[in-house]
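Just below sit the structures, each encoded as structure tokens.
What follows is chain A paired twice: with chain B in the first complex and chain C in the second.
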Partner chain A sequence: MKKLKNAEYLISLFLSILASLIIGAFIMLANGRNPVTGYVALINGAFGSKYNIATTFAKTVPLVLTGLATSISFRSGISNIGGEGQLYLGAFGAALIGITFVNLPGIVGIPLALAASLIAGGLYALFPAILKVRYNIDEVIVTIMLNTVAVLLTSYLVNYPFASEIGKMGGTEIIAEGYQLSRLVRLSTLNTSIFYVAVISIIMYYLLERTSIGYEIKMVGQNSNFSRYGGINVKRRMIFAMVVSGALCGIAGAFEVLGVHYRFLQHISPGYAWDGMLIALIVKNNPIGVVLMSIFFGALKTGSISMENATGIPSELISVIQSIIILFIAGESGFKAKIKSFLANRRAIKKAGEKNA
Partner chain B sequence: MAEKLIELKEITKQFPGVLANDRVSLDIEKGEIHAIIGENGAGKSTLMKILYGLYQPTSGEIYFKGKPVSIKTPLDAIKLGIGMVHQHFMLVPSFTVAENIVLGVEPRKNRFMMDYRKAVSITEKLSKTYGLKVDPNAKVESLSVGIQQRIEILKVLNKGADIIILDEPTAVLTPQETEELFKVIRKLVEELGKTVIIITHKLQEVLALSDRVSVMRQGRLVGTLKTKDATEQILAEMMVGREVLFEELNRIEVPREEVLTVKGIKARDNRGLMALKGVSFSLYSGEILGIAGVEGNGQSELVEVLTGLRQAEEGSVMIKGIEATNKEPMEIRNLGVSHIPEDRLATGLSKKATITENMILGYHNREPYATKGIHMNKKPIRERVSRLIKEFDVRTPSQDVTADKLSGGNMQKMVIAREFSFDSSILIVAQPTRGVDIGAIEFIHKEIIKKRNEGAAILLVSADLDEIFRLSDRIITIYEGEITGEFKRKEISKKEIGLYMTGKRKGMRQGGVQDEEIKKC
Partner chain C sequence: MLKEIINLTLLQHTIRTATPLILAALGGLLTQHAGILNIGMEGMILMGAFFAIVGSYFFSSSLAGVLMAVGVGILVGLLFAYFVIDLKSDEFIIGIAINILAGGLTVFLLRSIFGVKGAFSSPDIVPLPRFRLGFLEGIPLLDTIFNNHTVFVYVSWILVALVYVYLYKTPYGIWLRASGEFPEALETAGVSPRKMKYISSIACGVFCGFAGAHLSLGYLTLFTENMSAQRGFIAMAAIIFGGAHPIRTLIAAFMFGFFDALGIRLQVVGIPSQFTQMIPYLGTIVVLFVVAKSYIRKIKKNVEGES
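What follows is the complex of A and B.
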């Protein structure tokens, strides 16, 4: 029965994606482009060569982390909308370690930088979590506003106290070599962070799906009255989920610094946390789903740029497609109920008709 | 044979996923009291809501005085002279009685102003005609439930109803108020020529009041019979579809020991009003202590204080000699307290979680279900749950369906299975059989008695007086947050306890003084 439900959901998801791609095709047609060439260019751009595949996976890395971060917080019923801010602080924390302790070997430095980002992100999420459980202050509003605080604060830091000496570029110095994660494919930014992400994904899957902590988080999110009545420490679980969520976003920021840019930049994230949130919403906070959907989103991002280069179709089309998927998924249960009630109605009328006849 | 006033023909109503009415044909005769009985979810209310125009049937026809009619809205129903008193009253609490009665058909001075004086005179006239005493100027919020119901009936009569549908009218009434209501109904029918349809699931009331009775089960009409041909046994069997035995529950005497001591508890409700004004009592092992009271007199708050879900402002709770006032629910559970909450959907379970997830709560971090309290082991969990499902007869296609797929009775059995499976010495049981079908009630009652016979101390809170009397060894009454009496079950009648439940009598009465009524018990 649970399997049936999952299968039903997968079908809905597949249909939603298909429908949004078809709508995307109509938009291309309406603009006088050929959707077939468009989509071929998209797929080629995402998976056409070793470099393209590598770029797709490079784009997947931050999405998996922010997607998992959203999943754990949404599962516990406390909404972390502050991923972007936590990501910025995490990234800055990692960069700060990377430019301060320049003589450390990578084997010590990288874990240290990651720890710094984890703590920065986690603490930044702890604050709204405490406000929520202690004083019932809405965490959505607090975390949204803290995003702006973090982005502007780091922006100030890298333009003044920590500005790079080579001109005003809105970034820190390059981190020491020991901190730089190795690139895996020439020219692409794909780096060893993908292995860390793989491990983190497995840990998160285990935590959410196989442990009593994950179970408690899920119960708290579904019905906090029930959880409290059943003896779960609801507040502690909410805080835990929020802090882990913040830490994951912090790590996402760290990998952008250690693996991609090798420094902190004031616009380091083009909205990874928001994309991660979309991904978690689409797959209903399922960790495996987050990984797969992140790859799909990564492919769309990578492919869309090639598509724009090859066919002139603007890459923004991809945002339209992503949004339409969300719309369909949001309406999923509604559509399903309508279809089911329609079928049941027809059956009832048929049955009544037989009786009369 | 009396005139057929209303004929329902082959009414079918399909809701998403539920066939609420399946080809129901029923006729109502002029001047009769027609009872419609059935278990929860049998489709009684749906059928009546179709007649009242709140729902549209998927198929089927309604005839009124032999002519087919279409009832699209309650206004259509009112035009035909059909009125309905809902289970949950639809009154404006801050308005006066007169204002409520004329609501929707207000007499006006001019376009904008209501003629209040006329509203009062309308109310007085109605009150006199039908012999239903009310004070037109009283605010509804200050009136008892019984009076509020009277206002609902007057409201319907004011709209010119000849056929009055009453949906579970006695659910919230004390025995005295019920008797009063029955007198009113008889008067309406016998002296004033009205027709009354009453929906209920209380068999004794049906037998006492109605002329004819229609029994529904799972959306279908099982049959209609004359009340004088019916007995409680026949009706129960028609409702459930099999034989039901109301056997006397078997009690064995076990040693008693004080396990729960409550002293001077004061607590506020969700609105910040004092709901408990100094409640004290003791609970002993091997007994069932029933708390009788009209709903909303502090029972819910008391249970919440005892289980750690609500803070007490004053007073103390001792569990087996250990101070347990205002402790967290987890700590109280660890002292050996299980809790069947009154609202299973809000507190007792998670609708979106599977049955397995719902039933393992409390064990989810204990060996062998979780290694070191962390790693959950599927196999022992599934085995435990499947054993409990079998033991407590939870009817479900599998343990992986979500809880919202279960019927009310099976949800409740699931909650009870989980709570009773903890080896608790104290069970706090609130409304254990609310919205549960007869078969399940019987099962749940037996499980509660079984626990008592095994030596558990059980605190039973129920709005159903029959249930209190069937199960309890000792009964305390609660009224407006205070304990008004304490009795041995055999020493008091339902009727007399009604006086304590409504605060008309107070004070502990010891075995010495006994009324006539008590001797009858």
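What follows is the complex of A and C.
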């Protein structure tokens, strides 16, 4: 039964992506461009050379982390929409360590910076989680509000107390060399954070799919009353899921600082947490699915730049395609119910017709 | 110093910056009463702002711009309603999808229609007409504060009154509120909750279209990427702050508009504006907390009373 459901979901996922790409092709046509050359350029741009593949994977790093963060929170039935804020605070925390303890060797410094980002992101998620379980305050609204608060707070910090001497662009000083993760492929920003992300993904997979905690989190999300009678501490599991979610977003921010920019910038994330949320929603919070879909989104992001250079189709087309995929997936069960009732109706009418005849 | 910050321009700016918040919040509170939390307002405003520019530029008329913004607002409202009401999709997933769609689509179209990146401005874009209330012209203070705004400033105030009357003084308003609170009861009374939810969602699209048109055609005639700049979320904050009551929401929107305007003044003088900008967001959390606490106290009292 479960297998059948999975197969059914994979088919709808495939159809959703296909339909969205077809809609994308029509948009290209309406724009006076050839969709075939467009998509060929896109695939080439994403996987055509060593550099392109490296860039695709570099873009995958923050998406996997924010996607996994969304998965664990949504599974437990508490919606963390505050990933963007947690990411900013995590990134700033990592940068703060990197510019303060400049003499630490990397082997001590990097874990310290990651710990700082993890704590910053986790604590920032703990607050809305407590409001939710203690006072039943809607966490969706609170986390949305906290996003902007974090962006404004870090923007203040890097423009005033921590403003860098080099250029007036709203960023901290460059972090010490020991903290800078080494690049793997020349010119691309792909760095060793990808290995950390691989390890984190495996841990998250085990946590969610293979441990009793993961099972309890799932139960809490599906039916919190039932879980309570079953002896699960619902509140504690929700708080746990939320804090882990915040910590993952914080780490996503840290890798942007330690691996990509080597400093904190006031607009460090172009909405990674929102992208991660889309990814988790599309794959229904499945950790393996998050990793695969992140690579797909990373490829779209990277390929779209080449598509733009080669054919002149603006790269923003892909965010249109991504949001259409999510619309299809979100409407999936509704569409299915519509089709089923339509077919059932037709059958009923046919039957009635036969009877009358 | 203080004189440079607090002056008549501050009040004038407050009125100006509060207007898109009022308009969007009015739309959002209608869906709120129908039981739908619409976090897609941000995207709806952004689309409105963009298509207002398109209409005004190509038809050389600000009215065409507004109509275009409203038309797109209706379409997005319909899309939202279809997914949330008919397909029973999660309302906040659809909201997020609309925000991302709006962010991508407006930039995509900005580049494919106008061939520019970042921002588009042109002398061919016709701004919204400014409005003067004749009887205020003799009074210097009120003249500076209340006159010479775009039509939407005054329209927004009238709409607040209309929405108030609609919600609380007409049967339709009762239906709308019932569709959120007691859909079964409404159904029994022979009114379709589905229809009321659709109407609220479309109205929200229209009001956000107004808000967008005010942003792009109001004072500076231009469109910039992401020009909605969190206003959809601040409008949501205003709704929660005002308990989805039109007049209290209006007051909240004015308050948030004031802090926004104050932030701009502070920047001019060189004082960090980030903290004044945070007020709407932090204030909303405080309000939610206070409401939740008093609710819990009430329940406790009831329980004690029964025993």
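In this text, the second predicted complex is superposed on the first by the 337 of 357 C-alpha atoms of A that agree within 3 Å, B and C clash if a C-alpha of one lies under 4 Å from a C-alpha of the other, contacts with A are read in each partner's own complex, and residues count from 1 in each chain.
The definition used in the following text is that a residue touches a chain if its C-beta (ideal position, glycine included) is under 8 Å from a C-beta of that chain, and two chains touch if they have at least 3 such contacts.
All values reported here derive from a predicted model rather than from experimental measurement.
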item	value
Partner chain in contact with A:Tyr156 - chain B first, chain C second, else both or neither	second
Chain B versus chain C as contact partner of A:Ser333, first or second or both or neither	second
Touched partner set for A:Glu216, first chain B, second chain C, both or neither	first
Touched partner set for A:Ala344, first chain B, second chain C, both or neither	first
Which superposed partner A:Gly231 touches (first chain B, second chain C, both, neither)	first
Chain touching more of chain A, residue-wise (chain B, chain C)	C
Common interface positions of chain A, toward chain B and toward chain C	337
In the complex with chain B, residue positions of chain A that touch it	1-3, 5, 210-213, 215-216, 218-219, 222-223, 225-233, 337, 340-341, 344-345, 348-349, 352, 355-356
Footprint of chain C on chain A - complex, ascending	27, 31, 79, 81, 131, 135-138, 140-142, 144-146, 148-149, 152-153, 155-156, 159-160, 271, 274, 277-278, 281, 314, 316-320, 322-324, 326-327, 330-331, 333-335, 337-338
List of chain C residues in touch with chain A within their complex	37, 39, 83, 86-90, 92-94, 96-101, 103-105, 107-108, 111-112, 230, 233, 236-237, 240, 272, 274-275, 277-278, 281-282, 284-285, 288-289, 292-293, 296
Chain B to chain A touching residues, read off their complex	10, 12, 14-17, 19, 23, 58-60, 307, 309, 328-330, 333-334, 339, 341, 346-354, 357, 360-362, 364-365, 370, 373-376, 397-398, 400-402, 405
